[in-house]
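These notes open a run of structures that come right after.
One chain, chain A, appears in both complexes that follow, with chain B as partner in the first and chain C in the second.
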Partner chain A sequence: MKLPRTLLPYAFIGPAILFLAALLVWPLVQAVVLSLQDVRSVGTTGKWVGLDNYREVLTDGTFWSSTWLSLVWVVTNAVLQTVLALLAALALNQNFPGVRIARTWIVLTWIIPTVVVVMIWRWLFSTSGGIVNPLLIQAGIIDRPVGFFARPNTAFATLVFINSWRWFPFITLMMLAGLTRIPGDLYEAARIDGAGPWKRFSRITWPLLAPTLGVLLVIGTLLSFNVFDIIWLMTSGGPAGGTRTLPVLIYETAFKSYRMSEAAAVAVLATLFLMGFAVVATRWLARPPEAR
Partner chain B sequence: MTRIRKPHLLAGAALTALMPLSAAAQTELTLWHMEQPPHRVERVQTLLDEFNESHPDIVVKQEPQNWGEVYAKAPAALAAGVGPDMLFAIPDFTPILKSVGALTSVQDFVEELDGEHDFIDSAVEAYSYDDGIWAVPLYNMSMNLWYRPSVLDAAGVAVPTTWEEWAAAAETLTADGAYGMGLPANKQLYTDQTVYSVMANGGASEIYNEDGTLRFDNPETVEAYTFYNDMLQFSPPDAPSWTWGEAEACFASASCGMILQFSVISTYDTQAEGDAADLGVAAIPSKDSEGHNTIAYANAVMLLSQDEEKMEASKTFVRWLLQPENYGRFLNMEPGLFMPVTADGAKADSFWSDPMVEKYKPQIETVIENSQNGMLFGFTSGRVFPAIAAISAQNVLAETLQAIAINGKDPAEAVAAGQARMMDLTD
Partner chain C sequence: MKRPIRWTVALTAALALFAGLVLLPFWLVLTGSVKAPAEIIARQPTMVPHSFTLDHYAKLLAASDYPVYMMNSLIVASVSTLITLLLAIPAGYAFFRMSFPGRETLYRAILLAYAFPSIVILIPLFGIFAKIGLIDSRIALVLVNVAFALPFAVWLLRSFFAGIPAEIEEAARLDGGSPFIVLRRIMIPLVAPGIAAVAVFAFVTAWTEYVFASVMILSDAKRTVPVGFSGIIGQYQIDWGLLLAGASLSILPVVVLFAFVGRWFVAGLTEGAVK
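What follows is the complex of A and B.
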């Protein structure tokens, strides 16, 4: 049997769509169904409660404080990681002895397992034998040991630092790929015209790197928003909920408070938010540069 | 070429054919426990190897888990049909698995073991509710005050017995970069344990009234929290993020003069001076020195298999483990931490002949003595309130402390909010 020509493309993409539906859409549908019930523990059943869980979640201050923390988490991580990655990428884009080794080794922090990262930093920041406090005291920055994970603000800032330390090499590599695509003769011409380093950066590097940064913004936001492991292992959302971002809240609600359906409602809301962001960002990126 | 005789060939073929049958006849059991340190895993493995060798029809394998995750992981694994056949538990864990229908009563089995080994009554009571016994007690743990006599002597401080003396001692010992008292304030089980140990020594051991209503919000609880918060000023600044390991490290490095811990013997012996004469242990100070209480956990094993053959094999394993010649070696996977819950286990040579137990015998005797006054929130006065499981899983005792110590809330308000949170969770 010969397939009509108009249906042929659908036949090709059909299996992929079915595969994606099975992997992504079906669990999402399950999550939505779960959020409309009152299931407490895994493995138990619940009755239909309609939108009660959403009402409960949206009127709960914890949800809004976690949402706020998630937004601050995404923005602070994005800023810090972009700055660190840009500096590292610009440095690695130069020609100096050992640059190839440096380009290889910069991914080290990214490939270390999260648990190891957590163990290393916990002990570095510890007041019993950790090295950070004595160094800061010696440098005159603090006069007595500080509990980095003892207060909500310092715990949050420390986590942002550790997470950025872990992830900026990934962004550095992406930026480096973007930098290497910028034709060298543009810099050469600018140099002949008398442009200094700042002008070359602001008029050539930055505009031509912008598309890469745009893509990184979307990917980085989605990745940062969903970070759970490092936060959970380091602070479990504490102290006093000071690092309880939405993924941590979802886990706590599901597996500590035994409210699976309520956790599903939070997860669905977070997914809607992320999908909305992804759609807007993708449309923005699809526009021609002059229309942005 | 060597000629193979026909009968030998037949015998070989028969043996080969039967081998899969004998392998298939073995009952495989999976044991989940939360004793993760490598030396404990190694000791458990030694015992499992011995058991497996002496019981060719049963194979028990261990899969160490984490206390922080097992409350979530076990119900999920059991619901997915990939749960363990045996799972270690503390009392507040059993109501959770019972609520998802994963537990059957082991009352007959516990009674059989009680007849043979004589369980400490309180160990069984913690697992007895809703007309059944839901786990087999295995070992006891109780919290103690650990210190170095030389450090206290140098500071001219006596071992504290009252809250007043305790605070004064902690203040004196907080000098020259050292901290007098290492107390956690993390939202975690360790903090629940230390907070409750202070509450129990301040007349606030009962969280429930007799009729099952909550009585957490009372003046004694507020006073205990106020005292605990005051003591935190003598703790290292990172104490709000501590779990058990950080407290032991603080003590081992002599950064902390005193800590509350189940046991520090192993850490002290391997990572600190290891001088038995300079390791002190005492009962946790009480508000007015009238009787010293502590938190105590009778750890147990839940038998989870729905398969009759596996359930019977699990019982065979537990019977074997509680035999005095094996039981002491099991307890000594962490010498000084795990105490016997059976009368014959308390006298077992296998317990007392361990080199570490011999070295720290006075300390271990004190720990056993302190454990006589052990209690556990939600399981006091011979009554069991299964609703405590949700409260414990959410670490509400620790959460209440954080409201005071980190958010600066007034203790009375924080305790009232804590009670409201407990009611919400048990709703």
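What follows is the complex of A and C.
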């Protein structure tokens, strides 16, 4: 059998596209259908209720407080990860003995199961043998051991730290990609013109890295928004709903309260938020650099 | 070119900070897994173990199905990696070496799939899998893992395919090679580092996946490490020695894999992945 030349590319991409359509797009359609019905637990059938679930969700304070928490989660993670990754990328962009090894193994935090990440940090933050409390006491920041997961605010902040710990090396590598593409002669020329390190950073590195940072900020936002397992395994959304971001709310509504259709409605709304953000962000990034 | 002393100091300080941030937790976990129970929960943690015991490992292996979870995880992750490669390589070849109507739109659709909130499809996918009898099957996990790894995998191949000079492909085609032969004989060897990068990404995605594995798998004999281990955590709440041993064992396979192909993965991410 011989394929006509024009159809060949489609034969190559077809399997991947069909696969994603079957496993991502079709379930999404099903989620929309589910959100218009009244289904409580998996496998049961429900009757059509129109937009009732959406009305229910949108007038529920829990949905809005979760949306707010998700927003705070995305922003705090973006800030912390960008700062950590930028520092690490600048350091790894230098020449020093062992730089290749350091570049490879920095992603160690990202290649281990999240369950293990959670277990490790629960131990490190614990009051029985954990290292964090003694370190903070030694540094004079606290004077007695703290239960980090006992209060909503500290639990939230600790989770932001743990999630950033897991993800920042991944961002670091992609930032490094942007850094290595800045031509070395630029720095050389600036040095000859007498520009100090700060000036070289602010006039060369920063402007040339900005497009990369933009892309990473978008990717990072999408990745952080979707984080569920770390939060669920660590706090299950508690204490007092203080870490119940939208993915946690969706899971809780579906598998703990057995209100599938309502969970689907929240999920559809979350997808709309995210897709809206992605469309706006990619359009903003696609603008020519000088217009930005 | 020499660096001023204060920059060397600053660089060393930054490197020490990141080494501590990344490596210290792992050091404490690995050493903790061989410490005697009393030393693990000591008020002042010890950096170098004063005691040595393999009891925690022995207890873990005797009390749980840990080796079974490990086997399941290896199977699921390997098969997921294989299928991801089979789908991503031809797709990458078409996207980045051919021009055809709809290319931009389809490529953007794949990128958008990367932004997909995975939790959204958990509920409907459970229903769909229940209907076709895939609940409590490792195939279900493979399908899900491939769906999550595939968009990024295609994206990752971009710089590798784009870096191949057009003349090489042209020459092969003039010699009468069909596109399939060009892909197999010319392209695949040339993008081998990219393939390694995709393989690592797909393997890690499958190896670390928890949510779908916890919902879709019901019988203990089919559990993967993340789910099996979270069960052990629930059962042995504060037996830190046992838990640290389990953590150490689950880190091992990916570290071994990474020791071999890690640098290709890093090259894949750093050599022009962001565009």
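One rule holds in what follows: the second predicted complex is superposed on the first by the 272 of 292 C-alpha atoms of A that agree within 3 Å, B and C clash if a C-alpha of one lies under 4 Å from a C-alpha of the other, contacts with A are read in each partner's own complex, and residues count from 1 in each chain.
Everything that follows uses one rule, which is that contacts are C-beta pairs under 8 Å (C-beta built on N, C-alpha and C of every residue); 3 or more make two chains touch, one makes a residue touch a chain.
Quick caveat, the model's predicted, so the values are computed rather than measured.
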Once the shared chain is lined up, is A:Pro197 touching chain B (first), chain C (second), both, or neither of them? second
Who does A:Phe225 touch here: chain B (first), chain C (second), both, or neither? second
Determine, under the contact definition given at the top, whether A:Leu173 touches first (chain B), second (chain C), both, or neither. second
Check the residue A:Val146 against both partner chains and state whether it touches chain B (first), chain C (second), both, or neither. first
More chain A residues touched by chain B or by chain C? C
Mind working out whether A:Val107 is in touch with chain B, chain C, both or neither, as first, second, both or neither? second
Is A:Leu217 in contact with chain B, with chain C, with both, or with neither (first, second, both, neither)? neither
Kindly classify A:Val49 by the partners it touches after superposition: chain B alone (first), chain C alone (second), both, or neither? neither
Where does A:Leu186 make contact in the superposed view: on chain B (first), on chain C (second), on both, or on neither? neither
Contacts of A:Phe255 with chain B and chain C, given as first, second, both or neither: both
Overlap of the chain B and chain C interfaces on chain A comprises residues 42-43, 128-129, 251, 254-255
Give the list of chain C residues in touch with chain A in this complex. 3, 7, 11, 14-15, 18-19, 21-26, 28-29, 32, 40-45, 86-88, 90-91, 93-95, 98, 100, 103, 106, 108-128, 130, 143-144, 146-147, 150-151, 154, 179, 204, 207-208, 210-211, 215, 225-227, 229-230, 233, 238, 240, 243-244, 246-247, 250-251, 254-255, 258, 262-263, 265-266, 269-274
In the complex formed with chain A, which residues of chain B make contact? 68, 71-72, 75-76, 78-80, 96, 99-102, 185-188, 236-241, 246, 249-250, 253, 255-256, 390, 393-394, 402-403, 406-407, 425
Touching residues (chain side chain A, partner chain C) in the complex: 6, 8-13, 15-17, 19-20, 23-24, 26-28, 30-31, 34, 42-43, 87-88, 90-91, 94, 96, 100, 102-116, 119-121, 123-124, 128-131, 134, 165, 169-170, 173-174, 176-178, 180-181, 197, 212, 215-216, 219, 222, 225-226, 228-229, 232-233, 247, 250-251, 254-255, 260, 263-264, 267-268, 270-271, 274-275, 278, 282
Give every residue of chain A touching chain B within the complex, in rising order. 41-44, 125-129, 144-152, 155, 235-240, 242, 251, 254-258
